[in-house]
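Next up: some structures, all given as structure tokens.
Shared between the two complexes below is chain A, which pairs with chain B and chain C, respectively.
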Partner chain A sequence: MKLLRSFQYQVFLLPILFFYTVFTVYPLIKSFFFSLTNFNGYSKEYDFVGLTNYVKIFKDAAIVSGISYTLLFAISTTILTTLLAIALALVLDRNFYTKNIHRAIFFFPSIPSGLILAYVWGFILSPIGSGVLNTVLHDVFGAGPQPWLSEPMLAKLSTILVAVWAGAGWHAVLYLAFLQGISKDYYEAASIDGANRWQQIRSITLPMLAPAMTISVMLLLTGGLKVFEIPFALTKGGPGFETHTITQVIVLRGISEVQFGLASAMSIVFFLIVLALTYFQVSVMQRREEKML
Partner chain B sequence: MTETNRKNWILDILMLPVGLITFFPFYLIIVNTLKTPAETAKSPMSLPTSLNFDNYVRVFKEVPLLQSFGNSLIITVISVLLMVLIGAMAAYPIVFNAGKTNRMIMAYLLAGFLIPFQTTLIPLFELMTQFHLVDKLYGLMFIYMGGSVFVFFLMMGYMKTIPKELPEAAVIDGCTIWGIFWRIIFPLLKPITVTAIIYQTMWVWNDFLAPMLFLNSSDNATLVLQVYKAKGEFAVDWPLFMTLTVIVLIPIFIFFILMQKQIVKGIVGGAVKG
Partner chain C sequence: MRKSSYMLLVVMMAVTLILSACGGNGNNENQAGSANGGGAEADKKVKLSLLSWNNETEMKPVMDGFTAKYPNITIDFQTAPPVKDYISKLQTMLLSNSATDVFIMAAENRNELIDGGYALDLTDQPFMAKMTDASKGMFTREGKTYAFSQAGWVGGIYYNKELFAKVGVTTEPTTWQEFIDLCIKLKDAGIVPLYDNAGDISTIQGALVASLTLSADPEYDNKLFAGETTFAEGWAKPLQLWKEGMIDNKIITSSMIGLTGDQIVNEFAVGNVAMIQGGPWNIPAIEKANPDLQFSMMAIPGIEAGQEYYAGAPNVGFAVNSKSKNQDAAIKFVEYLSTPEGLEQFEKGTGQIITIDGYESKVHPALEKAYKEGLLAGKFYLPMVSWPRHQEALRNQLVVSVQDLLVGKGTTDDVTKALDQKLKEMESK
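== the complex of A and B ==
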């Protein structure tokens, strides 16, 4: 009787186990398998080539560029978004007349698809006549047009700043939720003890935000590593391979050029990067949380 | 404290320019939908000289918007409903029939968080091609089912707050395991179900990578994919492109306005439990 009940419970697991295994776990294992072969996606005949694909990765300029830009993007958007989101949350937590409309405005960019947002920014950053930013620079400062999307350094900067614009409001809302959970008693006690506003932020607010930071930073970092749409829509990965992302490289080498082996090796390296960085970040930040509380 | 209750108008003055800059891109696309390409090239930022809705008429003529809207709607609604159902069902035995096996299954499922979609892309592409699932709306839905692991995670956290006595009492009353889930547990999950639906709807509706790879024909394009395709076609006609963008943004903004309170609550709920 008990066994029958237990069996009935287990049936509820079948759908998720099926979909998750077939569409996530099995492909991951197969990626690993492909990465050791020279499979080109079509011919049934292929050989094991050992770690050749992994060696090739580091000789492929597009791939190396893809890895370094993706890391730069993930780390800098994480830092900038976090700083901005905390500052925004602190401001939006205070009482002022246009508080609600400002909350809505900052949250707005996190609603649409990144692809569409990036196209709109492409219009602003475009070097041609209608490029809004260059028009302003010319009319107000008399400065010549800047190649926002076609000069390597500027293109990297532009894609990162657009991503920060798109994500800061969302993360500010996350911090705001934690801010509102902090009891007013702490602040009252601190102001009786003569602590000024800045001292209160430093020794009450920021430590209490530590758990929110762990989550927010994890989301930003993993999201940043998986980035595709914003650089793809703004620069198509250019100039050259300067703003190529890992995802774009996998699509390019794997699906467009059907080099399944090479692209799979790239996928596995990507998986290891995500695993290592996430583990490192979460363990470091959780230790920090404990120290602060 | 009286200080926090008094409104701080200095903040209004300080935040005004920051808010304006943040909102500026939205202002820009809206005003340019009412202009001609020549007007836009001359003064992209100015307000339009006349209310000219030609671009809107043209976009509806040149892009199969209703069809794409229907595709996006079908894909989103069915994928999200299935994900929520599958995720909620999976949490049920993990929480109420706990044991060594189910702890292992839980760990197996949660490992899915660490597997980026991109890592599985090449084999998925092969799998989808092999089973003729490319360029099929239901094919894309299979791809999204991986998202049920996230729903499972949300549901599991919430389900733990339901007292164990509740299903036990129902068993004594002669209710089956199935009956308990559908009549007692699932209705109690409503708040977290709303959160899960919001998260997954925003993700599936806005996704670009999977539709780009797995939907080829124009008939099957989603709204986001239609914007991508139009970017090439309307290359020099920015006002027309902006008009398409504005139209495509309308459904998701309506969704936002309707769900505003729940969206913020969802972020909070997800964050606190995460």
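== the complex of A and C ==
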């Protein structure tokens, strides 16, 4: 009875705990187990190979390239989306006649799946002369077709920009929610003291948005590190390994090449990278929140 | 509070351990249970399960025909789209001992299915005699055949007859040099000669390997995987020829990499490009986009006339689950697929080209020549089907290396070196 009383709230967590254990913790432990074997995903006979798979990862050109592109993707989409989303939120927060329609328009790209968005952008960015963007460039500026998805630098840039376009609206709505929670009193007091609009943004809006920024940046960073759909649908990871993401390499090695043990080792390393980066980012930004308030 | 979260963690670990223990037991029981499979009586009600990568509409005629012939059998149909989705679905089913009685075996998963003992040996079944030898090779290991394939496909280069006529060409090129000259002629006339997104092993590369290497040594691929020869030995010359002809003459450029397959077919259908590589599956899209297009399929010429090759392969095969409890019904289903009636229904539903001896498929006029001179004559080659192992790993490596070649990183020697290294790496895992 005493035990039950001390756990009276935790009891309600049991169903969640059960599903979390079955669908997350158990597969994770099993993945770690497979990462130490040469399991190919089919045969039930496999051997323990120790840390061989972990050694292999760092000799794999695809994974090395995958890590660098994924980091570039995650960091640049996080920075660009945050800048754009805050600016957008500030605009959408103002009281104008069509503000609801505008909010809906900017929110729209976050609804369909990344794959669908990327297929649409595939037509827009098509590298041949009849691609939508190339046609516009030709008609307006007389420019020749640009290899948007086939030149290594342009391909990286294109995938990043499409992801920013797709995510900015959703994150703007997140900031908007926080913006609307800021009391008007602060602004009134500030304008009585003679602060202009920019000073108000810098000294009131941005510090008050700090908690939103911690969440938004964490979501963008983890989402960016786990990205698969947009680069895959736009470039299939090409040219060469240039836009291969870590997730794509894991699928490639695990499913196409039936090296399940190696793919499991990759997922474990990847899990640790994401965990470390997210922990670092959240703790730094929370400290910043405290400082700003 | 800290103490209770610690408790929570302990509970979580305990649940995990119990679950993993359960998983282990489950496996053993299932393995024991599967030993006494087979042996259904003729008129006993049987529910036959089937997993296919053709969808239900495509498989309906053949399933209806089968259940009409065997009223005691009903079919529980499941499908997953090719290739990756299908393979991973079947893989999950096999590992959890819930695989269907009949499933399809593809070039991409045949090794794992055969090695894992998942497919029943069909070699001695009478209906297997109807399957062509070209089709058997893909599903045979050490003299035993594990799946029945009744169809095949042939691919080559689709060309736009009107655009050819514009530059004064009315006959198909018969040598590699004529083919390159034709491409340059088209380019000079302001017509895009060919689109290739370098997203897969190109038909042209495959055909050149067949015509230069395999025609001299039909055992090349087997020797390659036995470690007696290398990619550098058999692929360097064809790839060099391909690069000099296609890349150096700027017929295939790096800017084509981002194209999607749909875009390429569409550009061909509306007449923006003279040639594309393709197969029978492109015809509906081409005809839908432009019903008036005058087009046909040609082979990829070799160095000299008469050395031309197509791409092609037997279609996926139907295999019987070795642990199925309905093996009799499953074999009846595969047998039905081999009967004239079954073939007709299968062709009706899927539109695939039948390769069974004594059955002539009606093919699209554009494919007539490819069907007779390529598919039926056995003048086709597809590396992924001919390679006995690691098809996907090698295919991916080739695609990545060729894309690097296109953007100016590396040489053809780097491509063959990377392939040899990948093969070595995969063999030693």
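The rule is short, and it goes like this: the second predicted complex is superposed on the first by the 270 of 293 C-alpha atoms of A that agree within 3 Å, B and C clash if a C-alpha of one lies under 4 Å from a C-alpha of the other, contacts with A are read in each partner's own complex, and residues count from 1 in each chain.
Note that in this section contacts are C-beta pairs under 8 Å (C-beta built on N, C-alpha and C of every residue); 3 or more make two chains touch, one makes a residue touch a chain.
These numbers were taken from a predicted model, which means no experiment stands behind them.
Trainee: Give one word, clash or fit, describing how chain B and chain C relate on chain A after superposing.
Mentor: The answer is clash.
Trainee: Looking at the overlay, does A:123 come into contact with chain B only (first), chain C only (second), both, or neither?
Mentor: Both: A:123 reaches chain B and chain C.
Trainee: Looking at A:151 after the superposition, I want to know if it touches chain B, chain C, both of them or none. Which is it: first, second, both, neither?
Mentor: Touch status of A:151: second partner only.
Trainee: A:69 contacts which: chain B (first), chain C (second), both, neither?
Mentor: neither
Trainee: Quick check for you: in the superposed arrangement, does A:30 touch first (chain B), second (chain C), both or neither?
Mentor: A:30: touches chain B and chain C.
Trainee: Per the contact definition in the header, classify A:13: touching chain B only (first), chain C only (second), both, or neither.
Mentor: In the superposed model, A:13 contacts both chain B and chain C.
Trainee: Considering only touches as defined above, state whether A:256 meets chain B (first), chain C (second), both or neither.
Mentor: Only chain C; A:256 stays clear of chain B.
Trainee: Considering only the touch criterion stated at the top, classify A:40 as touching first (chain B), second (chain C), both, or neither.
Mentor: second
Trainee: Applying the stated clash rule to the superposed structures, which of 78-86, 240-248 or 384-392 from chain C runs into chain B?
Mentor: Stretch flagged for C-alpha clashes with chain B: 78-86.
Trainee: Taking the stated contact definition, name every residue in chain A that is touched by chain B in one complex and by chain C in the other, in rising order.
Mentor: 6, 10, 13, 17, 20, 25-26, 30, 41, 119, 123, 130, 255
Trainee: Applying the document's contact rule, which stretches of chain C touch chain A when the two form their complex?
Mentor: For this pair, the touching residues of chain C are 4, 7-8, 11-12, 15-16, 19-20, 27, 84, 87-88, 91, 94-95, 108, 112-113, 115-116, 118, 195, 198-199, 254-260, 263, 267, 272, 390, 392-393, 396, 399-401, 403-404, 406-407, 409, 426, 429.
Trainee: Which residues, counting only chain B, touch chain A once they are in their complex?
Mentor: Of all residues in chain B, those touching chain A are 1, 4-12, 15-16, 19, 22-23, 25-26, 28-29, 32, 40-41, 44-45, 86-87, 89-90, 92-94, 96-97, 102, 105, 109, 112, 114-127, 142-143, 145-146, 148-149, 152, 171, 176-178, 181, 202, 205-209, 213, 224, 227-228, 231, 238, 241-242, 245, 248-249, 252-253, 256, 264, 267-268, 271-272, 274.
Trainee: Once bound in the complex, which stretches of chain A touch chain C?
Mentor: 6-7, 10, 13, 17-18, 20-22, 25-26, 29-30, 38, 40-44, 62, 119, 122-123, 125-128, 130, 145, 147-152, 155, 234-236, 238-241, 252, 255-259, 262
Trainee: Please give the residue numbers of chain A that touch chain B in the complex, ascending.
Mentor: 5-6, 8-10, 12-13, 15-17, 19-20, 23-28, 30-31, 34, 41, 91, 94-98, 101-102, 105-109, 111-117, 119-121, 123-124, 129-130, 132, 135-136, 165, 169-170, 173-174, 177-178, 184, 187-188, 191, 212, 215-216, 222, 225-226, 228-229, 233, 246-247, 250-251, 254-255, 260, 263-264, 267-268, 270-271, 274-275, 278
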